[in-house]
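Two complexes, one shared chain (chain A), two partners (chain B, chain C).
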Partner chain A sequence: MQQVHTSLSQVKAEAKVKAKKRKMKNVLTITLFVSPALIVYALYVIYPILATLNYSFYDWSGSNVGTFIGLQNYVQLFNDSIFWTALLNNTWITLTSVFVQIPLGLIMALMLFAPIKGIKLMSSVYFFPFLMSTVAIGLLWIYMFDPINGSINQLINFFGFENVAWLSGENSALIAVLFVIVWQFAPFYMILFRAAIVGIPEELYEAAEIDGAKPWHKFIKITLPLLMPTIVSSSILAIVGSLKAFDIFYVMTGGGPNHATELMGTYMFKQAFVNFNMGYASAIAFVMFFIALIVVIIIQVLDYYRQKKGVFSE
Partner chain B sequence: MNRFFLLTTALSMLVVTACAPGGGSGTESSSGNGSAEESDSENKVLEFWYIDPGEKEKVYEEAVARFEENNPDVEVKMLRAANDAYKQKLAVSMSGGNPPDVFHSWGGGWLNQFVEEGQVLDVTDSIDKEHFNELALDNATFENEVYGLPLGLSLDLVFYNTEIFDEYGLTPPETYDELVQIIETLKENDVIPLALANQTKWPGAYYLMNFASRIGGPELFNEAFTRDGRGFDDPAYVEAGEYIQELVEMDAFNSGFNGVPYDEGQGRQLMYSGQAAMMDITISFLNNVRTEAPEFEEKLDFFVFPEVEGGEGSSADVGASTGPVWSVAAASEHPDLATELIKELTSTETAEAYTNRTGSLTGVSGVEPEDEFVNRMYQIAEEANHLQMPYDQTLPPELAELHKDTTQALFGLSMTPEEAAEKMEAKAKEDLE
Partner chain C sequence: MKSLSKIPLYLVAVILLIVSGYPFVYMISTALKTQGEFFEQPFSLFTSFTLENFTNVFQLGLTSYFVNSVIVTVIAVGAVVIIGALASYPISRMKFKFNRVLFLLFISGMMLPIHATLIPIFKLSESMGIYDTLYALIGPYIAFSLPISIFILTQFMREIPKSLEEAAQMDGCTHLGIFRHVIMPMLKPALMAVIIYNAIHLWNEFVFALVLISSPESMTLPLGLQAFRGDFAVNVPGLMAALTLASLPILVVYLFSQEKVVKGLTGGAVKG
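Our next item is the complex of A and B:
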């Protein structure tokens, strides 16, 4: 018996060692496969973020060595009225993206399924803006918005209104660029929603019809709830994209006039490469990163609860 | 978990060492180059960065070819980058410790930024100061040391359409009051008096600089800049702002000018199409006309910004700017050769080609343009009693931006002249004292 015992414990121990070895082997394999991506990720994402955080504690012009000034950049930043304007403008883009762009994308997607003649053609026409480069779009719309010869103003004139100097008014400039952003990115959401709508089983609609549901009810009770995951992921894309917005504003207004369309991104660029305040620009960059991080965490948490409890969808 | 991290670390080290042979061979081959350089001394490379395209680029290429002929063992690598991209690229390369040997600048505060960081080579002893227009060279001279050689010189003039002026019996104004009369006549006839593309902010800044110099005299800016005498809150600056707003309120400019970018050409288009009659801009406008609307040149003429009655300045004080100004990076491995290159880039031969083929003026003295039109500009520069370099190129970057921002806000009527002057003075106290 004893022998059996020992041999059994031996076997157990051996099995343990084997399992350990196998586990080790697994870990090794996994690490091997993960490490290239991990290294690239660490080198190009984690390291720059930490480096930015580090720079933001310095008064540094970009070359030479900076002087350590602790949190002074952040103190200055929170007292900087231009930064608050920029933050507010970013908020406007976020709101427009979520509450105008995404619904518009949804409407366009629904229209693609409507029995309208020539809608196939329209689907590619709708998609065109998204295919063009942002700089080209910016330049195109600068000409369209031209205060004297622009086609937008000619159209307005036709209806008997006065010319509007779109890009030079401190209020109208933001509206004009927001309009272009919606025009450019709504098609992207249209494509996402179209794909999602195709995935909704036809039987659900048939069953609803048998129960006597009106089209509006079908939309509210079937389409919208089943599109919720797409709407959530679109919102994440839209929000993060809005916080990082830069190019179209840089091309169309350069953050002007008088900082009326300044964004965190354009302000960071100006501080870094026009004013040579790399330390201050790093502080802006880090705040941008931090805000984006917080927002994404909030959305993820909300989405987690939604999936768990079904807060938003039935 | 610990073991996992240990493993990842070990693994990443492994990957790094695995990469090392590649890196090693890299250094080997470069050291191989080094030995080759020693043996037949053939691979000296100078990097040369500039921004101008077209005919100017060709002039530089020819100068570089002459330099390479005289120095057969040197190869010059030329790299062109567009304006804004260039500024960013150079700043990054400077901070990365790997700047080009020879680079473009506009002199003034932008160059001084790098000079103060010790990034630019002092070339005072290698050049002949007499070779250059004194006022132009001053713009690249800091504390009596020369850090750049000015090839290009530009003036700020008011261009106008002679056809429109003839039609309404107008003559170029000599005083501000005459200018106002012209503006009124033009407006009555539905012509935009002054074309302005002010999204980029610097075209409008010329009005502030001109008015300030006409009212407070040409020394006003230097006093404010060197913090010796009057400041940026001087009544002359406030008055200059008031003149600007007066022009805006009488609708002297095309509507929506603060949203019209300059480079895209809508402002110039107003001139070409005869919708607008005048435009206060640098003489690079002539070069634009010649490439964009050559037929317009016969209607084109210019005058110097009019005088303001009772002001201390006169029309002999002209707005000007330098650029390209060639400098050598302090980190250059071949400082002597790089200095030779910038001397070739500002040789009389280069300067003659530059002025005659690009319709520009040059910072090299004694080079008279053959073109009659350009020659008249040359005479203005020669006879000028003061050349006022643009503030945004003289001031340190942050103050320069504030100057342009406040001026744009003046044009947009969203800031009072007093506010703008106070903001400037407060920032100047911070940055200049």
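Our next item is the complex of A and C:
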């Protein structure tokens, strides 16, 4: 009896040691597997955000040691009318993305299922704009919007309108670039919606047809509600993407004329790498980060309540 | 009657076709004109077929931009696939304390505005002595490709049945062995999506290149195109030739494997 007991406790102890060893081994494995990614990520993503926050408290040209000025960069920023124009323009991109781009993407996706000849071939062309680099798209559209030799003016001449100097007018420049953004990204949303439409069970439409539903009714009562999760996630992607916008504006207008198409991104870039106001630029950059953070938190909270209520859930 | 009702559908389809396709037709057709022909007839399509613009573009250094883009893209994508897959393995398949935190930490990078990191990364590349070289781009490219890659890879890894892994463990496989011989072979579709997504995005990347590169020898394609704009201020056909050549690789890949490219590009958002 005694012997049995000791051997049992021995086994237990051995098992404990083994478990501990395995745990140690697991910790080692996890560390080895994760650390390459974590090191690169910490160096190029996490550290820079903290450094940006730190720089934003300095008056600093980038080369010498800066002077600590507390929150002065932020005070200056909130009194800077160019910054507010930039913020407004970022908002315009968000609104255009959500209310023009996404509906257009949905229409394009529905067209892919239209019973017409050649749609497959045409749909491969629909996707082209999303593949090209933004710089190439910007350069191409600069010439499309050219006041004299541009195709856009050629087209509006045809309909009896006068030539417009698109990219040099303060309002028309913004409209022109927003148009190009829609042109570039609508195909992306088309693909998202296509995948969602494929997932809708055919029987629902068949049942509706038996009940004598018109195509429009089928769309409102079946397609649209079932696409709601995709519309929500597309909107999130669009909003987050809008905050990051930079390339197309930088290439097409450079934020001009007279800051009319300035974005937070282009303004930050100019302050940092043209004017060498690195402290001030860091403040702009950190505000961009902060806005993105707020947006993400709002989305998370809404998502939490949505899941709780079960509305729109798949 | 039935075919008549389809006319509006055809109309919409053709309008979409023209709006999405015309700029490309214009670009290629203009690239094939001489400057004189362009000024005479800026809108005529495929009226001439000069190849002079293309040879000019190569003489102006397009080849070196091209090579730089290939180098940076290949190295960064290769590295992202390896270290992204390595990190995704414990995050998706092992239980530990910081599991969820790590996952959120990585994928929150998808939401991050790049501008919030530009100045420190610029200073970092200067202090490491790699400013204005291709090395300066590799680090940020890997770091900013990790979030989407880990997002896609963990999604796929979670779906691999646990039993496969347990069987391998019984046979005395280590985690590295399981990762290499069980997980990786099953990940092919996900790895393909990760490669395509990142390759296209990095091929087209502009902001980091703009901040970290200044001399023409180190420029990647998007930056080089932007520089061409100065050289070709009045030579529209020349610029169009450059744009055509720069867009060609992706368009060719797309035409040969459409579904894969489409799936890869939307891999983060579309499951399956």
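In the analysis below, the second predicted complex is superposed on the first by the 268 of 314 C-alpha atoms of A that agree within 3 Å, B and C clash if a C-alpha of one lies under 4 Å from a C-alpha of the other, contacts with A are read in each partner's own complex, and residues count from 1 in each chain.
Following the convention adopted for this analysis, a residue touches a chain if its C-beta (ideal position, glycine included) is under 8 Å from a C-beta of that chain, and two chains touch if they have at least 3 such contacts.
Keep in mind that this is a model prediction, so the values were computed, not measured.
Enquirer: Between chain B and chain C, point out the one touching more chain A residues.
Expert: C
Enquirer: For A:Asn149, select first, second, both or neither according to whether it touches chain B, chain C, the two together, or no partner.
Expert: After superposing on A, A:Asn149 lies in contact with both chain B and chain C.
Enquirer: Contacts for A:Phe273 in the overlay, against chain B (first) and chain C (second): which applies, first, second, both or neither?
Expert: After superposition on chain A, A:Phe273 lies in contact with both partners, chain B and chain C.
Enquirer: Looking at the overlay, does A:Gly254 come into contact with chain B only (first), chain C only (second), both, or neither?
Expert: So A:Gly254 only meets chain B here.
Enquirer: Contacts for A:Pro36 in the overlay, against chain B (first) and chain C (second): which applies, first, second, both or neither?
Expert: both
Enquirer: If you stack the two complexes on chain A, which partner ends up touching A:Ile49: first (chain B), second (chain C), both, or neither?
Expert: second
Enquirer: Would you sort A:Ser124 into first (chain B), second (chain C), both or neither based on which partner it touches?
Expert: After superposing on A, A:Ser124 lies in contact with chain C but is clear of chain B.
Enquirer: When the two structures are overlaid on chain A, which partner does A:Phe83 contact: first (chain B), second (chain C), both, or neither?
Expert: Neither partner.
Enquirer: Just chain B (first), just chain C (second), both, or neither: which does A:Leu139 touch?
Expert: Both partners.
Enquirer: State which residues of chain A lie in both footprints, the one left by chain B and the one left by chain C.
Expert: 27, 36, 38, 62, 139, 143, 149, 273, 278
Enquirer: Which chain A residues qualify as touching chain C in the complex?
Expert: 26-27, 29-30, 33-34, 36-38, 40-41, 43-45, 47-49, 51-52, 55, 62, 107-108, 111, 114-116, 118-119, 122, 124-136, 139-141, 143-144, 149, 151, 154, 183, 187-188, 191-192, 195, 233, 237, 240, 243-244, 246-247, 250-251, 264-265, 268-269, 272-273, 278, 281-282, 284-286, 288-289, 292, 295-296
Enquirer: Give the list of chain B residues in touch with chain A in this complex.
Expert: Of all residues in chain B, those touching chain A are 3-4, 7-8, 11-12, 15, 87-88, 91-92, 94-95, 97, 113-114, 117-119, 192, 198-201, 254-261, 264, 266, 269-270, 275, 397-398, 401, 405, 408-409, 412, 414-415.
Enquirer: Quick check: in the complex, which residue numbers of chain C touch chain A?
Expert: 6, 9-10, 12-14, 16-17, 19-24, 26-27, 30, 38-39, 42-43, 83-84, 86-87, 89-91, 94, 96, 102, 105-106, 108-124, 139-140, 142-144, 146, 150, 174-176, 179, 200, 203-204, 206-207, 210-211, 221-223, 225-226, 229, 236, 239-240, 243, 246-247, 250-251, 254-255, 258, 261-262, 265-266, 269-270, 272
Enquirer: Which residues of chain A touch chain B in their complex?
Expert: Listed in rising order, the residues of chain A that touch chain B are 27-28, 31-32, 35-36, 38-39, 61-64, 139, 142-143, 145-149, 163-170, 173, 253-254, 256-259, 270, 273-278.
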